[in-house]
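Right, one structure below, let's go through it.
Chains here go by letter, A, B and C, matching the order in which they are written, and residues are numbered from 1 within each.
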Amino acid sequence: MPLLDVNGLWMKFGSLAANRDVSFSVEEGQIVGLIGPNGSGKTTLFNCVSGLYKPTSGRVTFAGKNITGLPMHRIARMGLARTFQVVRPLNEMTVLENVLVGAYLHSSDERKARETAQACIELCFLEEWRNRPAGAMTIGNKKRLEVARALATSPKLLLLDEAVAGLTSTEVHEMVELIVGLKKSGKTILMVEHIMEAIMPISDKVVVLNGGVKIAEGPPREISRNTEVMTAYLGEKFSRRLAESGVLKEDRP
Amino acid sequence: MDNFAQVVVDGLMNGAIYGLVAAGLSLIWGVMDVINFAHGEFLMAAMYACYWLGSLAGIDPTVSWIATGAFLFLLSAVAYKAVVRRCIGKAAMAPLLATFGLSIFLKNFCLNRFTPNFRLLNNTALSGKTVNIFGAIAPVPQLVTALFSLVVIAALYYLIKKTRTGWAIQATAMDAEAAELMGIDTERVFTLVFGLGGMCVGIAGGFMTGYLAVFPEVGTLFSLIAFVVVALGGFGSIPGALCAALLIGLVESFAGFYIAPVVKYVAVFALYLAVIMVRPKGLFGW
Amino acid sequence: MFIWLGLLAVLAALAVIPGAIGNRFYAHVLVLVLLYASMAQSWNILGGYCGQVSFGHSVFFGIGAYGAGMAMVTYRGVPWPGIIAGALLAAAVSALISWPCFKLRGHYFAIATFAIVEIFGRLFLVWDWVGGALGLDYPILDDSWKYFLWSSDKTGYFTGAALLFAFVFGVVRFLEKRRFGYYARAVREGQETAESLGVDSMRVKLTAMAISAFLAALCGAFFAQYNYRVDPPMVLSLDMSMKFVLITILGGMGTFWGPLLGAAVLIPLQEYTRTYLSHFGAGVDQMIYGILIMFMMIRQPKGIMGFLAEFGLLGGKDGGDI
């Protein structure tokens, strides 16, 4: 049984369908990448899965339970945590306090919560910012804070919404290492990402959205050769030319 | 039947005046997302101005509304420049609380200068006259004030919808930063909006002094009703504010007559709460 | 550290002074400072920590005051059961009316709370069971803790106010450093973010509201006992609601000591200007109050705590950790 199963999910805003009949699943222990051009409905899908939006129709199953349309805090309590693409630090609280909010989810004991928070802060390279107000940090650190805070809730499944975008190349490297480390420690990860160099090498499976529809699903190697995906990203003319010119490298669409 | 007509006419007359008082507040809220808590005290200032013009210089309220409108335009624009502008964007409630401070100051300044006594202009041009509308007796000063309120609201609406200045105001309301980039001097727009908001209440105050006594606390209830009207009508919608104002005027007069005079404002505020629970952004809000 | 020692010294001085000097006016100001600090702190739980700016706290204050007043006047008994009943009722009423109101945002929430104050104020004016417009006048009784009334001197009230202050501030200190405190601040800083971390924001807000209302009602009961009477304009008014808000904001919203600092500055200022500037005519004290509010909102909306942080007088790192 997959840890997360999305089945026939539709999300409509008025007459606009941001997700149409999307189905995919995430097996326990996997890293699954969710890619697609801008406006293809990735973040909407995340919002439907995490409970920020109530999907118009379809079914989301997490750890064997139907979570479709449940409020976000209940889904979080069941072990599904997310980060936000546009970072949302709790500005007037320190980094430690931000992470503590997450850590308090499964323990009201202050000492335990502090231990959890501390571990997550160290894991995300935030130790030196611990007592700084979260609002005053750089974007890179705020992205790390998003991850640290979500991790502190001890999730089974972590949804990362562009956790790497906007970071410097060193930071990208650190973050990718962190994600791989999380997988090794037994976490399951579903991540939206634009930077292919970051997502392709580490994903077990990639799901591609275009115009709200799933157009491909499979191991990264397969996806990068998939012409439909090429077309979605580059437009028909360019992808044809690119294919003819033979510039295309194996793992880089 | 006569009672019924009387209640309706009273309610509509009051409602139209509430509409004018609220229109200025609604404009400021819609464009700047600021609640001017001193709005009622601006009304009080206009009424005192009109009273003194009448009792010292013998100018009738039917004329002095021009002066009070201009006076309140200035007072309101100055209040914006001196107080509101300096606390916008610092903390969510800072402008509201700062204007609350202004309202306390104005109220007590008038208390200090003019005593808490009720002051009423006698022998104004319209006083004592009445007209008969479908069996209801309408005092002329109130009726003129109500009708003139409708005219001023229509003029304000025309100004915002049909003139270049109005377009600048609308653009600023939608996105002040973008408006700034398009070459609109948003500072001037904000000052103008505050001035216009003051002017509405100034004109209302000028006319109302023809039949209402003025005292330092006179604005308090009007400002509360104006808040409710604006929120009930919906964020910055002037037609919404007018409809809400007429509705509230009717509810007030019906509850006052058919239930008990003491509960009329309870009915008004309860109606507001009931509506806002169903439509959190007001009747015409989005 | 600086501020802690300073406040400790002030509190120690407060404890000794009224008995030592026996100046009624001075004791009166001290009692009011402690009372208003407690009121502001009760509001601070909801408005400061949880970020829900309510202008309706005079309703809960009033319910508490009427609880004590009814017990004393209508039932001719001791105030204590009325105080407890009033506080519990205030908590229940607060949860009941705020459950729909919490769906409203920004100014819509603020205006809804104004409307609630007006409804309660006007209903109490015509409600005979609670004394209507005349209010409830306390009978003449012996000075005692049993009745919580003292007419000969203010020492009893002073001790009572100090206990109230210690209780309210103690509750907030206890909550502040626990899960609830973090959750409340998380809801203030970002409701959706908090929910994504498993925080049930509605529950947090309702809890904050109920605790806040309970404590505000205790303050209201003290106010009735202190004034020997209660009537609607005295407690159920918008001006009273604004006091809760303004003292907290003047001192520093969402900070532990802000409410005390706000009360310690505002109340003496108000009482002294009222007494010493009375020859300038009525309202001068209120004019100064109005100017002070405008000045603070323009200069430093984070209040006195903001000023202290600005001048580097707070011990905590980056001025935030206090």
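Annotations for the structure displayed:
Keep in mind that, in the parts below, a residue touches a chain if its C-beta (ideal position, glycine included) is under 8 Å from a C-beta of that chain, and two chains touch if they have at least 3 such contacts.
Quick caveat: nothing in here was measured; it's all calculated off a predicted structure.
If touching chains are joined by edges, the resulting network of the protein chains shown is an open path.
By C-beta pair count, the most extensively touching chains are B-C. Most remote chain with respect to subunit C, judged by CA-atom centres, is A.
The mean-CA centres of subunit A and subunit B are about 51 angstrom from one another, to the nearest whole unit.
One simple way to say how far apart two chains are is to compare their mean CA positions; for subunit A and subunit C this gives 45 Å. If each chain is reduced to the centroid of its CA atoms, subunit B and subunit C end up 32 Å from each other. Contact residues on subunit B toward subunit C in their complex (touch as defined above): 29, 33, 35, 83, 86-87, 90-98, 100-109, 111-112, 115-116, 216, 220, 224, 227-228, 230-231, 260, 262-263, 265-266, 269-270, 272-273, 276-277, 280-282. Partner subunit A is touched in their complex by these residues of subunit C: 177-179, 182-183, 185-186, 188-190, 192-201, 254, 317-318, 320-321. Within the complex, the subunit A residues that touch subunit C are 50, 52, 71-74, 76-77, 81-82, 84, 88, 90-94, 97, 100-102, 104-105, 108, 110, 113, 131-133, 136, 149-150, 152-153. Those residues of subunit C lying in contact with subunit B across their complex are 53, 100, 103-108, 110-112, 114-116, 118-119, 122-123, 125-126, 238, 242, 245-246, 249, 280-284, 286-287, 289-294, 297-298, 301-302.
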